[in-house]
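The following pair of complexes shares a single chain, subunit A, combined with subunit B in the former and subunit C in the latter.
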Partner chain A sequence: MKLDIEGLTVEYGQVAAVRGLNLTVGHGELVALVGPSGCGKTTTLGFITGFIRPKSGRVRFDGLDVTDLPPQRRGIGYVFQDYAIYPHMTVRENIRFPLDAAKVDRKKAERDVDEIAGLMGVGNLLARRPHQLSGGQRQRVALARALVKKPVVLLLDEPLSNLDAHLRVEVRAEIRRLQLDLKMTTVFVTHDQAEAMAIADRVAVMNNGDIVALTSPSTLYSRPPSLFAAQFIGSPQINIWATDGPDEALARRVIAPLVGDGGAGLLAGVRPEHVMVGAGDIKATTTLTEPLGRDFLVHLEVGPSSIRSLVPAAQGALLKTGEVVPIAMERSHLLLFDAATGHRVEIDEAGTRREDDTRETDGGLAG
Partner chain B sequence: MELVRFSLGARLLRAVGVALMLAFAVLPLLWVISIALRPGSQAIYPISILPTSLTLDNVWGVLFGPTGIGLGPYRNAAFYGLSSAVITAVASTLGGYALARYNMRAGEGILVVILALSFLPSASRIVPLFILFSASGLYGTSQGVILAYAAGSTPLGIWLMAGAFRQIPVRLEQAARIDGAGTVLTMRRVVLPLALPGILVVATLAFIDGWNSFSLPLILIPKDTAQPYTVALQRYIQEIGYGINWPLLAAGSLVALVPVLTVFAILQRRLVRVGGLGGAIRG
Partner chain C sequence: MAHRALSRATPWLLLILPLLLLFLFLLLPYLLTFYYSTTGATIGRLLNVQQVGLKNFQAVLSSHAPSFLSVVGITAVFTTGTLVGSMALGTGLALALHTVSAGLRSALLAVFLIPWVIAAVIIGYTWRLIYDPAIGLANSALEPFGVAPVAWLTEQASAIAALVIANVWAGYGIVLLVVSGALANVPPNIILAGQVDGASYRRIVRRVILPAIRPTFLLAGLVALVSGLNTFDLIYAMTRGGPLYQTETVALEMYRLTAQKGNVGQGAAVTVILFTVSLALAVTYVIIWRREARKWN
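Presenting the complex of A and B:
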């Protein structure tokens, strides 16, 4: 099933929560909506379900306009952040509820419940009541209830945020595996950029009520279409230096190999893992080292500018605070942004600047 | 948690206070029982606190004896009370849901007015109701009494049900919608089962209100038609020429206690267990 959202604008009083959003999710594709709180991602989900009435905009399932259908007639599967399992029903009754609502024959309904419960690993919990389940088990029951009626589209609203950290990674992989197996068209809302990157075919970064970047996780990371996306994706955060202002000296030096004119009006961006410590022609002072396990996050200073670098733990452990070390930036991973528009800029052989247009063209799996 | 320790004096004072309140509530009841269960010969001056022998003669007499009021008045009171309970439960559920779920600007104001209404003494309604019922032909009918009871119980009922519905997460209703359930199924399978403890409380309060009601039926029902026991028992105060017939009056009151205590005995666990929502939202 293909999901289309066209020109969605939602206003709460005078405030626009979503402004003119367009999104197409291809059959069997998983698109993650990610962004800071208040960016409009849950509102967008609410529009797909039909609970939120837009000021303008249409939603289509396989080309069929469902904008005016009530939620119960859209055939959506939905997993709430807090699961919203019916507390007075057993697990079996919970999972069977969508089938009861669709007046599915009782015998067939019971078979379907057994099948999906087995698939979700809750087959042995069917007689229990929700308060007897752990968080992870409730999560699976919610997922089973969403999937049992074979929904046209699966919507997941922060489904992992109430789980323990270790369980989160496990369930994330389970959801992805299941989604791929069932070829389920899925929209996954999260505020966690790492989660979005890990699970999605394409990631839609939202800010201020619109999608500001929509592309595959790897492209989003290595060639983010905008400064906002570059800063939102990746931890520790990308280094950004402006060619005017306090970081001018460092910025101009970093981008000098790429631009002849000194790069006025540009921002230079380098991810911490592309700042190499131990060789190079820039002298930096170590101000702090943080062990992160596999890596060390090293904070450095060059004049007034600060730099974050990720180095292997073996190397990081040897660095001392106050030590002056040579550093270098990997030129192939250097990112440039237009300071005025925030768009990523590429510079060709002739030195001509061209703005990234990934936002409009990248289709990912969709097509 | 910090344990608050009272001095011996404070604890004694508190114990005395509690004992006084308890005595105020329980002593009249014990006295009624004491009078009701003693032979009529012991219910005249000089009277003893405790009877020397116990008998059910008075209870039998009030129910089946020649000067008894019979079973009818109890049946009437039960019919009025139960009918009022059903009407109150339905009306309070509908009203409470509307106040809890629909984003009415005046919602809070309406709730306050409703609560204030429920505190008005029923006596304040009697004259207007009498005029209204006389004019509309409801005077003397059981429908009229039931309506009057329900009207008295519904304000508090709406207020209680609004609170009960507010405890049910809207998410559960949305989940039901997404699962394909329309309004009726969402109500029947999700909302009402979760609101059932609240509905039982409201219905119970309405029944007891109706069962115990005295002044409303006294005014709204003419003599000798379908009176509840509260009104019927009056004959032992007014109509007998030899003063008040205390033994039968007490026995009649004692019988009236039975349904009230039975309802509480059956429902107390359900009434207290307001929760029932564990597991809907993350634990």
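Presenting the complex of A and C:
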């Protein structure tokens, strides 16, 4: 099923939670909505479900306008952050609840419950009550309840945030596998950029009530359309230096190969793994090294500017605080942003600036 | 050593006064009641009383005009009516208030709680006026519908119904308050989940909300039940148990025997019976509640 949101604006009193948002999710596609808290991602989910009345905007399922339908009649599967499992019902009664509400014949309902419970690996828990389940088991029960009615679209609101770290990675992969198997059109809300990148066909970065970037995880990482997206995605965070202000000297030096002297009004961005330590013509002072396991995060200074670099552990272990080392930026991974608009800019051989317009042109992608 | 002994005694020193008050005004009357129920005490003779064993209970249970059975029957009808009425009205209002915004909810809650904070005697006299056959509101309200004036409080059936209505009005507030509190604690997401799962509002109330507040719901029921059982002032103000003991409940019987007939022993016997029934109900509730709690967490 294809999901369309058009011109969604939601206001709480005087405050706009979502402003003029458009989003198309293709059949079988998984789009992750990611952004800082308060960016409007859960509000958007609430609108798709029918919990939230918008000031304006329409939502269509396969072209059919469902904006005025109550949540009961939209056929949505929804997994809540706290799972919202009915506390007084057994697992079986929980999963069967949507079928009972739809007045499905009891025998068929029981068969469907057994089938989906088996698929979700909770078949042996059907007689239990929610308080006897672990977090991961509750999560699976919530998914089973959402999927048992064969929903037209699956909405997941921070479904992994109540799980501990290793379980989160495991369940994330399970959800993705299941979603691909069922070709389920899915919207996945999270505040965790790594989670969004890992699970989604496309990632929608939200800020201040609108989508500011919408593209595939790899493009989002390597060619982020905006400064906000570049800074939100990726950990440790991207290095950004402005050609105006205290970082001017470093910024101009970094972008000189691309723009020569004409770098006014630009921001230079380099991801930490693209800052090479040990060779190059910039002299930097090591101020701190942090072992991260596979890599070392090295903090460096050039004059007033600070630099984050990610180096292999073997190399990082040898660096000493206070040591002066040569560094270089990989030119092919250098990102430029317009300081005024925040858009990424590309510069061709003739030296002409062109703004990234990924947000506008990258429409629905068939899954 | 002395210091340690003192510090160990401190809690008890602090508790002496409250414990004494508790004993004087709560425990002692109970004990006296139990004691008097086995004596021939009268209003005029409370000391040096004669031991009569269980004779008072025998007398109470075998009394005529009114028979104890009819008193128990009237009490049962009145209590059941109060219970069902205040649970339905209190829960219904609480559910309705649950759907409006928080600000409006507290304002309306305050309004709906007014009857509950008015003294029962005042409510009793007010409703007696309402039911007055000549000048009462009840008859003038029914007149446009072609209902002939009814002498509400002089026929047993209508009198008990009138008492139940008045008592529900006086008592639904506690149910409303308790159920409202419980509803506020129902995780909002399970209600939303019910909507997404395609359940109608009625199904959500029946299958999700009410089960979720079941322990509190039972507690409200117990409070309504016991308050129905013990209602004295409202009935006394409205009918005095009349006409001809036709609305006499156990609570009124207790008062009539003790204060009007001066038979403290028999009055105490009725009190003991009423106390035992109330206690049994409370214990039953606690057992049910514990079983529920175990199922949940």
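Quick notes
Heads up, the rule we're going with is that the second predicted complex is superposed on the first by the 361 of 367 C-alpha atoms of A that agree within 3 Å, B and C clash if a C-alpha of one lies under 4 Å from a C-alpha of the other, contacts with A are read in each partner's own complex, and residues count from 1 in each chain.
Quick note on the criterion: a contact is a pair of C-beta atoms (placed from the backbone, for glycine too) under 8 Å apart; a residue touches a chain by one contact, two chains touch by 3 or more.
Only a predicted model underlies this, so the values are computations on that prediction, with no experimental measurement involved.
Aligning the two structures on subunit A places subunit B and subunit C in clashing positions. By the touch criterion stated above, A:76 is placed in contact with subunit B and with subunit C alike.
In the superposed model, A:162 lies in contact with subunit B only, and not with subunit C. Applying the stated contact rule after C-alpha superposition, one finds that A:241 touches neither subunit B nor subunit C.
When the shared chain is aligned, subunit B and subunit C each come close enough to touch A:129. In the superposition on chain A, contact of A:145 is made with both subunit B and subunit C. Judged by the touch definition given at the top, the superposed model places A:88 against both subunit B and subunit C. When the two complexes are overlaid on their common chain A, residue A:98 makes contact with subunit B and with subunit C alike.
In the three-chain superposition model, subunit A touches both subunit B and subunit C at residues 49, 51, 70-78, 80, 82, 84-88, 97-98, 101-102, 129, 131, 145, 149.
By the touch criterion given at the top, residues 49-51, 70-78, 80, 82, 84-89, 97-98, 101-102, 129, 131, 145-146, 149 of subunit A touch subunit C in their complex. Per the touch definition, subunit B reaches subunit A in the complex via residues 169, 171-172, 174-182, 185, 189-190, 193-194, 276-283. Considering their complex, residues 49, 51, 70-78, 80, 82-88, 97-98, 100-102, 129-133, 135, 138, 145, 149, 162 of subunit A touch subunit B.
Residues of subunit C touching subunit A in their complex: 187, 189-190, 192-200, 203, 207-208, 211-212, 214, 295-297.
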